[in-house]
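Heads up, the next two complexes both have subunit A, just with different partners, subunit B and then subunit C.
Let's turn to the complex of A and B:
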């Protein structure tokens, strides 16, 4: 897992080219009302070129099998994320998003973050996106109006996204190429887990392999040890949201009842309340 | 041999996948036959008993029926209606079948093999495709929620109102019952202290107390929720024949329909596996299988047999329920999920968490015996309390007669008179 030396100057032009190609490709692909087949083909080709350039600037993972699987799942994630924003049909966008989430979960699994990978599928693909699909299918069975199908600022949004992508690639490339490379982070995490995790589940201090035994127990120890306040805060936030949703619904019913009362006398109000 | 060593775990996994997929597919075919026999038995008729060895007069109790059925449905025309969304129409059965097969990567189908002594293979060999997966329960949960996509997309892509209604009903039902399902799982995970299904079985074997006895409420909640997730009969609204023709697979035929039907059966098999592994002790049977990790070949075989027998018994229970109960109405289904099963699941989870928190103190104060009795008695007390509460707070029947009135005041007058 030794990273290849990364030279920002050598890969700089490549990265800049990749960013420019991404901008052009997204601009051509985003739904902007033109909808010519040749433009979309050109956009897709440019996008593939940009993707290849981004891959070329990245560093190697080591291990042929691991690298191949990583490449496949990450390509699935990236391509379906792009397809999410360029597809015209909302249902297809949701499906592409689901596929992108599956790709992200695959990336996390390959990297050894099993819990995060599976939780991504459970929470996003399993619950949230199903709700999206449910609503999309219920709301507009006949499809969207034409003016709803075009992107509002295709050029600016493509530019912003691509520039963000380029900056992130550059900084991550620099970080991982520097002396304090990838293997710094897991060691620190393991060391902190040892001090905070419950004694029964505390792993041996030398274990750095993320696929080791008790992966979830270590994650849980970390979450409920160092990050206890954050976890509790998130829990309270969700509880507040839940109570708020219930309050909105019941207030709506009460208002409905009161309306009925004023309109038709007290008897009707009592019925509505029932 | 040494050149093969790095690939041995992969080869072992492939062998397990082959055995599992082959076994599951055969089992699914023959379970259809068992289901039809069961239906015939419940309805007091003979059922399929004719098809035996072709070109002979040998009938073999109808054991050739699944082969004949399978051959017929595979050779049928794979018809795609013109009004469907072709991409999603084709993808839906694939998604649902792939998800329901991938679930079995984390589900053990036995205990362990005795050490084989092959260098490069971890000993003892577990009956599990992905033994390194530390989040087995969550994996099962995640992939069973992916199966919703198949149903939803199949219903939507068919561009047919019955299919669409079936898909919508199904997604609402599956999303609603995923929560009690998760609560049932959580209680067991908390008690066993692991997300691995084989570790959960080992925990039950070591203590000798199956979680169905230690967490009766959790067992009931999980049983109901897994019936609903498998869309079996009291909960088969997604494909209610009398209302929706065939539900989400109305427009499907030939091999695509077969994929849907196999996936449905696999859901039931998965549910049976989970019920047995998590609540009925898995491969453990008192006085027969032992509880240690060292096994002989005979022991491994007996454990496999015990697990399979239990699973088959649960599947028979599923089938018996299918042929003896009527279907819920949609509002009853939702009321059951949100107003009965969900609170009961939370009650179970709180009980289990409390017991597990105070178990060390109890053991220290009272000794292991009385502490164990308390830890068993408390969930049963909660079980009966929850049962009584559910019975008192939720009416067993609802009054469905519509109030025929012209305005609200008349309705109120009627109510006051009553």
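Let's turn to the complex of A and C:
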């Protein structure tokens, strides 16, 4: 494959426009207490413009089919991620986040991570997100709460996020297939030799994923071979989190009981709980 | 021709990861609902996962996959512990508001002041219904009403 030289003169204005459109779009879309529909439409349009600019700065993949699939799943992931953080209602935010997880799982599948794509759906959308929804249904008042209709410093936060995104995109665009002096992995060293022999504009006809063959079995072998100690540590971490969660719950209930029995106000109850 | 590494795929996937990370950052900075803040944090983890898998694909190495599995583990632990804290905070204050705990802020940070918000006209949602068939059951007066909004 060929390393496309990054041209800052060609992509720079496009990238700057994308960053500016992202700032304006997020600033208009984030909850600001006013709930004006026209501003949100304008924000959505600007967000779509920013997305189009980011797509235009993206690199062409090899085949049209792969490109279309990657575009669709990444658009689903990104658009629903944006909808997650700008939704007024936290329940809608959680459901948008589930859709974003589906898009992320699709991106992972395109990248050849079969196990992780399915694990993202099962662990995140199946377990973690349902737990979030449980808490929301327990704790959410009917209607929109006032604190869901405002946000802290929407303009500065949108500026920070968009500038971070611009800097990251710039450095991603400057990546090249050249050999890095810091780490000469064997796969890189062989690839460098091949890269110089490739014609300058040849499309990537067949990109073979070396991890695709017998994927899950080899991933399990890697996990339980080289990273066995880390797996044990992760198991201990899960156990500690489980015990910690139960301990906090029971302690909190004891504090509530103490508050209820002493009936001298919350401060006295908190002292009694200690 | 090199048939192993794909730089365009790496760059596109890294861009998707960067967008997810930045959106999560904006979300966790701005939103005041504790649950939405946690959703934004999970979104940042998703962006990191996409980037790690993209690098793993590029190098033909298992390290990124293994790291993402540990990210999933830590995210599950984090969600369990954090949701317990959120529930405790809710049972103390009755709100899922981060600003309800602003007495814990630094001394030089300004206070979050809530202004009066304009009232929103809540149009009752119209849910799709099936055509009634058979005998209409008697209405139960004591049945709790359905929430109009979530």
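FYI, the second predicted complex is superposed on the first by the 196 of 274 C-alpha atoms of A that agree within 3 Å, B and C clash if a C-alpha of one lies under 4 Å from a C-alpha of the other, contacts with A are read in each partner's own complex, and residues count from 1 in each chain.
Here is the rule we go by: a contact is a pair of C-beta atoms (placed from the backbone, for glycine too) under 8 Å apart; a residue touches a chain by one contact, two chains touch by 3 or more.
Quick caveat, the model's predicted, so the values are computed rather than measured.
Chemist: Does subunit B (first) or subunit C (second) touch A:138, or do both, or does neither?
Modeler: Once the two structures are laid over each other on A, A:138 reaches both partners.
Chemist: Now for A:91: first (subunit B), second (subunit C), both, or neither, which partner does it touch?
Modeler: Both partners, subunit B and subunit C.
Chemist: Based on the superposed arrangement, let me know which partner A:126 touches: subunit B (first), subunit C (second), both, or neither?
Modeler: In the superposition, A:126 touches subunit B alone.
Chemist: Once the shared chain is lined up, is A:249 touching subunit B (first), subunit C (second), both, or neither of them?
Modeler: second
Chemist: Quick one: classify A:104 as touching subunit B (first), subunit C (second), both or neither.
Modeler: The second partner, subunit C, only.
Chemist: In this superposition, which partner touches a larger number of subunit A residues, subunit B or subunit C?
Modeler: Ranking subunit B and subunit C by residues of subunit A touched puts C first.
Chemist: Applying the touch criterion given at the start, work out whether A:173 contacts subunit B, subunit C, both or neither, answering first, second, both or neither.
Modeler: In the superposition, A:173 touches subunit C alone.
Chemist: Output the subunit A positions appearing in both contact lists, the one against subunit B and the one against subunit C.
Modeler: 91-92, 115, 119, 127, 131, 138, 211
Chemist: Of all residues in subunit B, which touch subunit A in the complex?
Modeler: Where subunit B meets subunit A, its residues are 88, 132-135, 138-139, 141-143, 145-146, 148-149, 152-153, 156, 164, 167-168, 171-172, 174-175, 178, 195, 407-409, 411-413, 415.
Chemist: What part of subunit C is in contact with subunit A in the complex they form?
Modeler: 1-16, 18-27, 29-33, 35-36, 38-40, 42-43, 46, 49-50, 53-54, 56-57, 59-62, 65-66, 68-70, 72-81, 83-88, 90-92, 95-99, 112, 114-115, 117-118, 120, 122, 147-150
Chemist: Tell me, which parts of subunit A touch subunit C in their complex?
Modeler: 1, 3-4, 26, 30-31, 33-35, 54, 57-62, 70, 74, 77-78, 81-82, 84-85, 87, 89-94, 97, 100-101, 104, 107-108, 110-113, 115-116, 119-120, 123-124, 127-128, 131-132, 135-136, 138-140, 142-154, 157-158, 160-162, 164-165, 168-169, 172-173, 175-177, 185, 187-188, 190-191, 194-195, 197-198, 202, 204-211, 218-219, 222-223, 226-227, 230, 234, 237-238, 240-242, 244-245, 248-249, 252, 256, 266
Chemist: If you look only at subunit A, which of its residues touch subunit B in the complex?
Modeler: Spelled out, the residues of subunit A in touch with subunit B are 91-92, 95, 98, 114-115, 118-119, 121-122, 125-127, 130-131, 133-134, 137-138, 141, 211, 213-216, 260, 264-265, 267-268, 270-271.
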